[in-house]
Structure formats: structure tokens, C-alpha cells
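The first chain written gets the first letter, and so on, giving A, B and C; residue counts start at 1 in each chain.
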Amino acid sequence: MNAASGAVELLVAAAMALNLAALGRLRARDGIRSVAQQGALLGCVPALLAAHPRASLLLLASGTVLVKGYLVPRMLRGALRGAASPDEERPRSGVPYGVLLGAAATAAALRFAPRLPVLAAQRGSLILPASFATIASGFLLMGTRSKAIGQVLGYLVLENGVFLFGLLLAESTPLIVEMGVLLDLFAAAFVAGIVIHRIQATFASLDTRRLNLLKD
Amino acid sequence: MTSAGDLAGALLALGLQALAGAAVWLDRRRAGGAQRLACALTLSGAVLGLFCSIDGLIRGLSGTLTLSGRLPIGALRLGADPLSWAFLLPIFAVPGLSAVFGLGYHARADHPRGRILDSWMAALAASMGLVVLSRGAAPFLLAWEAMEVSGYFVAAGEHGDPGIRRAGWVYLVAAHLSSLCLAALFALLLAHTGTTALSRTAFSALPATAAAAAFLLALAGFGLKAGLFPLHFWLPGAHAGAPSHASAVLSGAMLNVGLYGILRLTALLPAPQPWWGQCLLALGAASAAGGALFGLAQSDLKRSLAYSSMEHMGVAAMAAGLALLGAATGHPGWVALGVAAAVLHCWNHSLFKPLMFFGAGAVQRATGTRSLDRLGGLAGRMPATALAMAVGAGAAAALPPLNGFVGEWLLYLGGTRALTGSPTMPLAVPLALAALAFTGALALAGAVRIQAAVFLGRARTQDAGRATEAPAGLLLPMALAAGGCVALGSAAPLAGPLARVAETWRPGLVAEPLLGTALAWTSPAAAALVLLGTALALGSSAWLRRRGLRRGDTWACGYAGGGARAQTTATALSRSLVELFGGVLRVRMEGEPPGRRLWPGPSRIESVAPDIVLEHGMAPLWRRLNRILGHLRSFQRSRVQAYLAAAALTLAVLLLA
Amino acid sequence: MAPLPIADTAALLVAAPLTPGLINRVKAFFAGRRGPGAFQLYHDLAKLWRKDAVVGSTTTWVFQLGPALGLAATLAAALLLPLGPRPGPAGFAGDFVAFAALIAVGRFFTTLTALDTGSAFGGMGAARELTLSSLAEPALLLSLLALARISGSPRLGGLLEAGTRAAGGGAALALAAGALFVVLLAENCRLPVDDPQTHLELTMVHEAMLLDHGGPLLALALYASALRLTLFAALLARMLLPGPCPPAGPRVALAAGVAGVALAVGVLESALARWSLRRVPVLLLWACLLAGFSLLLALA
């Protein structure tokens, strides 16, 4: 194992820890920070992963870090600004079951990912289990949060998981596809930011349970 | 003595115990002579039975006895081997202790209707013994049914209290479900092998799928009896409602029979699969952790103890699961340590749990309540009871050098052996060990909670303040059980008998060297720890006396007000833990808190901690089933013509098919 | 002739009050104070031991014997810990479980003693102690189990050498060490969990339980808690020490390791504020997760 792949493993492990951190954060600002850190960490991975750092890969890496680590979180914070209600999830005393479920999902991913048929080069790497764990954490985040911002964060974590999965194919995927995915993400976060802002303005709260009023 | 002699002795002992049930009717309602005679009969049965069982266990004797009689479901065969002897020990010991305790606790002069209870307790003891000695479907099912029915009357028969009546009904439902599973089990056996004998040769013909089905049926039937999560729903109510000396038998002897069943069936079933062991490990882990957690939320002393029983049965089931996993994957070390841990933990539980129920009975007798939040300060008034309960609580929390620790430690040792010795393993083992660690910490909290709420601090009510020490007749069985808890803490001499049991469970196994070396340190270590503790305690109290010991008000940061009710109650002590696991426990507050109105009047608030499986699982399930099956009622209440038509239709279908 | 293992344990028992002293020196340094000397606890213990004791009128024999019994359990735990090159004076297969159980016995008596006073503060401290330990004890046992898996040994003597025995267990070892460090902070009531120097009764854990102890009883309880801290520090140091026989000899290395752990705790305490009680269980849950993942990695 050379230094670059060691660094990749470390980054991916840190991303898995950030999954659990995001699940444990109740304040939206903390959650945004965790997700931004995760995006930025994972953005560095493609540059380290390639045997010969091509310009295109470096471009992809820097683009991802920029979008996920800076632009998207900035937009989300902007959307939250001027919120009339506190941006906090309902504080619960007690064991954060979300973190426990996330840990269980991570453990299951670590346990069962090696059984999947993957390329010999990827065997033993943390990327595949981390991708499953991150996707599961994204679903959990979306499922356990009642505020709209939490669900956007869940979507972002989910996308990070897909991104990790995509890294397994990084060598063979054309750059244009990656850039397209990045653009999609940016657009989605943009829309979500606007929606959040509008919900905020209309309902003075970000509780999605109140959106039930719109049903009829 | 020969195996036949031991078996005959054990049967005679059971007969003596049953005779005690008849003897209580010899004199008038309020005279105590018959009760003393019955106690003497039970005790002599217990001594004889213990002698035979220990003899049989130490020498590893086994033998069978056919009482002829061709019943429709097979011969009336009885038999005993070390596995039976091991489980006969608590069946003889606990009713014996309980009879002595009952003389003082449930004296005939105060409880004229106690004769009925005494008879049912005698029937319970005898039928439990017969279950363990059965070697075929006929005696097994008969004894099982007798045990279930007498268990019902012991748990709920005497009471007019509606809550206890309801708990009795729940018990009866669980008991019937359990019997149903076992009847299905024997039917399955009969269908596949043509015999209902409980022997290895009979079971060897069972195909793999039938063996798996038999395992699941046994797990459900015996799991219900042992109170494994989520089949424990009947346990807290039934054990809390009975008089304390009856609770001691229900929890110290009858729960073991469920575990005996699991061990017996898994010993006989051919070709165990790894998932059987994993199932048992998972169920045991859930029961252990769940029992410890639910117990923390209870404000009734005996309900809390009942949940602790569920916890310890879970620990024993985990040990059995480890053994089963070892048998399925070919690891004799896991088998030896697992079986030994399961049996030893059952023995331990049969010592410290009756002890704690006796203590609860003594406390209830002295104060008239078993609500933890209304007691306190009894250590000064009932020092001997407090000391005995402290030993029981320490053993229940698995603290060295007491016996509870050795049992759980053997399970840890087996699990660690699995972790260190085998390159791959199912996740069930480390998960079960994690659950065990969590259980241990919670059990400590539960033990501290009970001990502190009942005995420490100041009395919270006048009744608690007027308590007096229990009479010698009540203290004697407690002292015996507490002595047992301390004695079994040095478990080195038990290696041989436990090895006999493990070798019976899996023939061809050589367990004695492993168990001998594993347990060898316990005796010197326990002795050293007791000596160290005694020396330091004596030394420090001598030094305190020399320096001068003055008494003053408790300082409490200078705030002397508040009185006894300002002390930390049991509810307050576990409040933060209960809130931490609030998502599982679902404790709710009922009543109105004070201070909502401008001039607050008297108000009451109560924390209610119902059994989550009963309240959120079983009760809705039964309501739904009742609604669906209610439609069938119309058939039951239909007219004769409709019955005739149905019979004719059935006949026609059968003839045509 | 090499000294017996019991000599190492005796040295540990003598040196135990130095560990909190070292932590206090570090904290004084960072706070820019002169602070108490490293040997302060020895002076305190000697003074307290010579005093007479005042006990509450509601207390019973539990209060008078509790501190001594708790200390006896901690002493027994010390006998299990391997300190020199050989296993501890009383090592056997599965002794790590006995170690955790003996620490639990200490907690049993500390909490009972606190509750015997009938003071609401004692009860509050005991309730918090029991709550926090319900998550700290699983973390301790799980990380020891992970070490047992890595090293392949069921004894403390073997499993603390996991770092030198197993190749490639680095990540698992690091996670277990992290979990053990959090357990050290929680079990010994150090800073993010409990402030050992607080003067606010409402926020204390361990100190709240000792409020009503005086004279020799307080001395016993203080010494037991210093010994427990030293035991955990020695456990962690022993586990992290590189190589079977460092150049300066194992004992000097162990002493340096304990001092290093004390330094780390001191630096942490200088940098951190006490966490709100609602957040502490989350920290301990993280310790459990770290230990669990350590075990999971070791299983792979």
C-alpha cells in the first residue's frame, strides 16, 4: 500500500465518521458543516486515486471541492439566514438512535461489502463499504429529520455515497459525465435552497410536517 | 449408590414434596401444626433429593425406568442423567427454603386460606421434578401441563386483586401457547420417527427440515417458559403478584425448567445448524439487556426483581447459544464453557433470586409496602435483612467474589475463546458479548437502586420508620441462600459436575480439563478478595474508632431542610437512565403536575412503566385476533341444523377426497 | 534477580497519588498559576488520615465500611494489571473481565455510600455516575475484547501487547485506544464529563458523592480514586508502549507512559470546558462505537 492509497483510505474512513457526525448533529449549521467537510474530503479522493494525475481528474477534484465544500453549504446557509424559527431539530434527551442506526449500517456495509464481486484491484479497499454506508446514512438522515434542511442534507450525503461508488469506475468514466453529475447536484441544491427560502418565508418554520397543509 | 437408587431416591423425594401438599389439610384452618408437618415433609424431600442429585451429578450417573402403561402417546418412561440432576438441584432446594420461609411469612394463623396455596406449591414442585425426569412425550406433556396449571394457582389463585387476576390470565395464555408448541413438537417427532421417546436414537432419524422446525417449536415453547424476550410478557405480572415465598419458587425454580427444555432438546436434535446458536444468542442478548433496562423503570420492588429474572435467564440462554454454536461449528471448547456457564448461571440465579424475593417479602411484611419510593432507611432497623439483600444484589449485579460473577465470567471466557481462537466467526458472538457488557452495567445500576431505595438513607414513610427486623424463621432461609451465593463464588470444585453436564449434552466431549483450569483460580481469588475486603474494612473501622467517630446531621452542603422526602428516590436515581433509553422504555407520566393553575390544589403524578411487549405488542395483537376470530363465533352459536349440515358436508368431502 | 510482579504493583500503589498531582501541575502551567505541588495529594491524605470523622446521623454501617470495601476492590484490580515484563501478580485467562468487574465493585460501594447519607446531592451524584458508567463499562469491555481479538490472548498480560504482536491491526488499535481514553475520562470523572475542581454542587458527579465524607473516610475514597486513575493510565500506557522491551527498561517506559497520559489529560482539561450533562452520554456512545468498530475491524 503506497502513501497515496493510504491517504485515500484515511479520507474515506473520515468520511464514514462524518456520516455518523451528521446523523448526530441536531443544529442545521453543524449538519451543514459536517456535510461540507465530507464533500470536500471526498472531492480530494479522485486526485489521489489516479495512477497518473491527469489534468481532467485534477479539474474534477477541484471542482467537486469547490462546489460541495464551499458553494452548496454557502447557499444553504444563505437560505437559512433570517430564519424566524430556530433552525434546530426538536432536542431530544436520550440515546441518538439515528447515530446507532448509522453505525449499524456502517458495520453491515463493512461486513458484507467484501462479499460482492468487484474488481480485484478494489478488494480490501474501504471505498465500496464506505459508499454503501454513506448512501444508507443519507437515507437515514432524510428519514429521521423533520425539517426541510435536514432532508436536503440527507440528499447531499446520499449523493456523496453515489460519488464514492462512482470512484470505483473513475478510470473509465468520461469527464463530461462527472461534470454533468456535479452540475445536477449544484442545480438541485440551488432549487432546494430557493424552496427552503420560500417555505421559510411562508410558514415561518422549516418543519416539513406543516407542509401537510398544502395537501388539499 | 447406583443410578437406579438415585433415581428412586429422587422420585421418593418428589413424592414427599407432593405428600406435603396433602398434609396441610390435616388440621383446622387456623392451626399451624399441619403447616409445620408439611414443611418438615418438604424439607426431608429436599434433603433426600439434593443428596441423590448431588451424588448422581458427581458420579455422572444416568439411568432410565419404564413405568409400563401403554398410553396413546408412548410409554411412561422416566430417567435421569447429569443434565437432569443439574436442574433437579434448584427444584429440590428452592421449595425447601421457601417452605421454611413460608412458615413465618405465610403463617396459617394469619392466612387461613394459605392451605390451598401450599397444596398448589407442592404440586408445582413435584411436577417440575417430573418434567426434568421425563423421557417420553406422555410423562413430559402430562407433567408439563400439571406444572403450568399449578403455576397458575400459585401465581394468581389466591387473589381477589383485579390486577393480579389479569396477570394470571396473561400467564395462562402464555402457558397454553407454550403447551401448544410442545404438543406440536412431539407430534412432529411422532410423524417423522414413529416414536415419542426423548432419546438420541429416536431423534437421529429426524430429517434436517424437521429438525429445524423442531428447534423453532422448542425455542418458542421453552422460551415462553424461560421468559426470553419477547416471550417474557407474562413474567413480571405473575412473579410480582404472588406471595414472596411463591415468587421465589416461580422465579428460582420454574424459569429454569424452560432453560432445561432448551438444553435437553438441543442435546437430542441431530446436526445442529449455526443459525440455531445465533438465534439463541440473539434472543438471550435481547432478554438480558431488555430485562436489565425494564427493571430500572419499575417502582415496584418485586416487579423489578422479576425483570432481573428475565435478564439472568437471558444470560443463561446466551451461554446455551454459544454452546449450540460451538456444537454446530465443531468447537468443543465453546460447548464446554457454554453449557457450564448456562447451568452454573441457573444455579446462581436459583440462589440469589429466591434470596431477594425473601428479602422483599420480609420488607413487605415489616412495612406493608413494596413500592420502592415509599421505603428507605431500613438498614438500621433490619440490619440482617439488609446484609442478606446486599449479598443478593451484589450477586445479581455479577460482582466478584459472589456467584453471579463466576457464571457471567464463564460466558465471557467462552466468548473470548471464540474471539481469539477462530479466524472467522458470526457477528452474533461479539454482539452478544457487547450486550452482556451493557447488561452488566445496567444490572449494577439496578442493584444499587434497589439496595439504596429500600435500605439506605432515611425512612420515607412512617410505616418504613416503624419497621422491625424479621424473625429468625425468615432470616434463616435468607442466610442459607446468601451463604450459598458466597460459597458458589469459589467455583473450582464445581468443575467436575459441570463437566459431567457438558459431556452429557454433547457425548464424546472431554470438558473436565478445560473447565478445571478455567475455574481453578476462582477459589483462591474469591478467598483473597474476601480476606482483603474484610481486612481493610476491619482496619478502617478500628482506626475510625480510635480517631473518634462523631455523629452529626448529614451535611448536604449545609441544607438540612427538606426532610426524608427530599432524598433521591428510586425513580429519581434511574430517571436519567430511563430518559436516556426513553425510546425503548416508553415510560409515561400520568396525572397532572402541580402548579398549572393559579392556586394549585393537591395533585398527583405517577410514572407508569408498562411492559412494552404486553402493551404495544401482545394486547393489540390479541384485540385484532379477537376481532377476526370473532366471526367464527357465529358458527359456535349456530343452530343444530347448521351443525348437521356442516358435519354432512365434511363427511362428503372426506369421502370424495 | 528481577523484582517480583508484586513489587511493581507495590510501586504503583505508592506512586498513585502522583498522577492527579501531575495533571494539576500541567493545568497550573497552562493557566499561568503557581498551583499546588505534584505531591499535594500525599499531604492531603496524611492530614485527612489523622483527623477524626463526622458521619451523618442517618448513616449506617454501609457508610462506614463502604470506602474501605471500595478501596479493597480497586486494590484487587491493581493486582490483575501487568506492569513489568511479566503478567500481573494474579493473571489468569479472562482476567480482563475480572478487572472491569472489580472497577464495578468499587462503583457499587461508592454509590451506595453516597446514597446512605440521605443527602440529595449524594443521590444526584450516584444517579449520574450510574448513568454514565452504563455506557462507559461496555466501551471498556468492548475495547478490551478487541485487543484480545487482535492479540489472540485472553489475558491482560497478553492482550495489552496487542500492538507488538499483531501486524496490520493499526486502525483497530487506534480506535480501541481512543475508546479507552474516553473511558478513562469518564470513569475517573475528568473534564468533559465531570470537573474534579468544581465548586458548584449541582454539576458534580464524583465530588457530589464524596460531599459527606470526612477524615479517614475521605482519605480512603480520595486514594481509591487516584489509584483508579493511575490504573487506567497504566492500562492505556501499557497498551500504547512500542516494542516488548524499550531501551530504558519496561518500568521506566511505563512510568513515562503514565506521565504522558497524565500530560494528555492535563492539556485536554486546560483546553476544554465541562460539557452539559445531556451531551456526555453522546460522547460515551461514541466511545462505544469506536470500540465496536475496533472489534469489527479486528474481526475482518
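Methods note: a contact is a pair of C-beta atoms (placed from the backbone, for glycine too) under 8 Å apart; a residue touches a chain by one contact, two chains touch by 3 or more.
Bear in mind that the values here come from a model prediction, so they are computed numbers and not experimental data.
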Innermost chain by mean C-alpha position: B
Contact-richer chain pair [A-C vs A-B]: A-C
Centre-of-Cα separation between chain C and chain B, whole angstrom: 35
Euclidean distance of C-alpha centroids - chain A vs chain C, Å: 38
Rounded Å distance, chain A centre to chain B centre (Cα mean): 49
In chain B, residues with contacts to at least two other chains: 427, 580
Chain A, residues touching no fewer than two other chains: 93, 95, 107, 111
Residues within chain C bordering two or more other chains: 281, 292, 296
Chain C residues within the chain B interface of the complex: 50-62, 64-65, 67-69, 71-73, 75-76, 90, 92-94, 97-98, 100-102, 104-105, 107-108, 111-112, 115-124, 126-128, 130-131, 133-138, 140-142, 145, 148-149, 151-154, 201, 211-212, 215-217, 220, 277, 281, 292, 295-296, 299
Chain A-touching residues of chain C, taken from the complex the two chains share: 171, 278, 281-282, 285, 289, 292-293, 296-297, 300
Touching residues on chain B, where the partner in the complex is chain A: 427, 579-583
Chain A residues touching chain C - in the complex, by the definition given at the top: 13, 20, 24, 91, 93, 95-96, 99-100, 103, 106-107, 110-111, 114
Footprint of chain C on chain B - complex, ascending: 376-377, 379-380, 383, 386, 390, 394, 397-400, 405, 409, 412-413, 415-417, 419-421, 425, 427, 430, 433-434, 437-438, 440-442, 444-445, 447-449, 451-452, 455-458, 517-518, 521, 525, 528-529, 532-533, 535-537, 539-541, 543-544, 547-557, 562, 564, 566-568, 572-577, 580
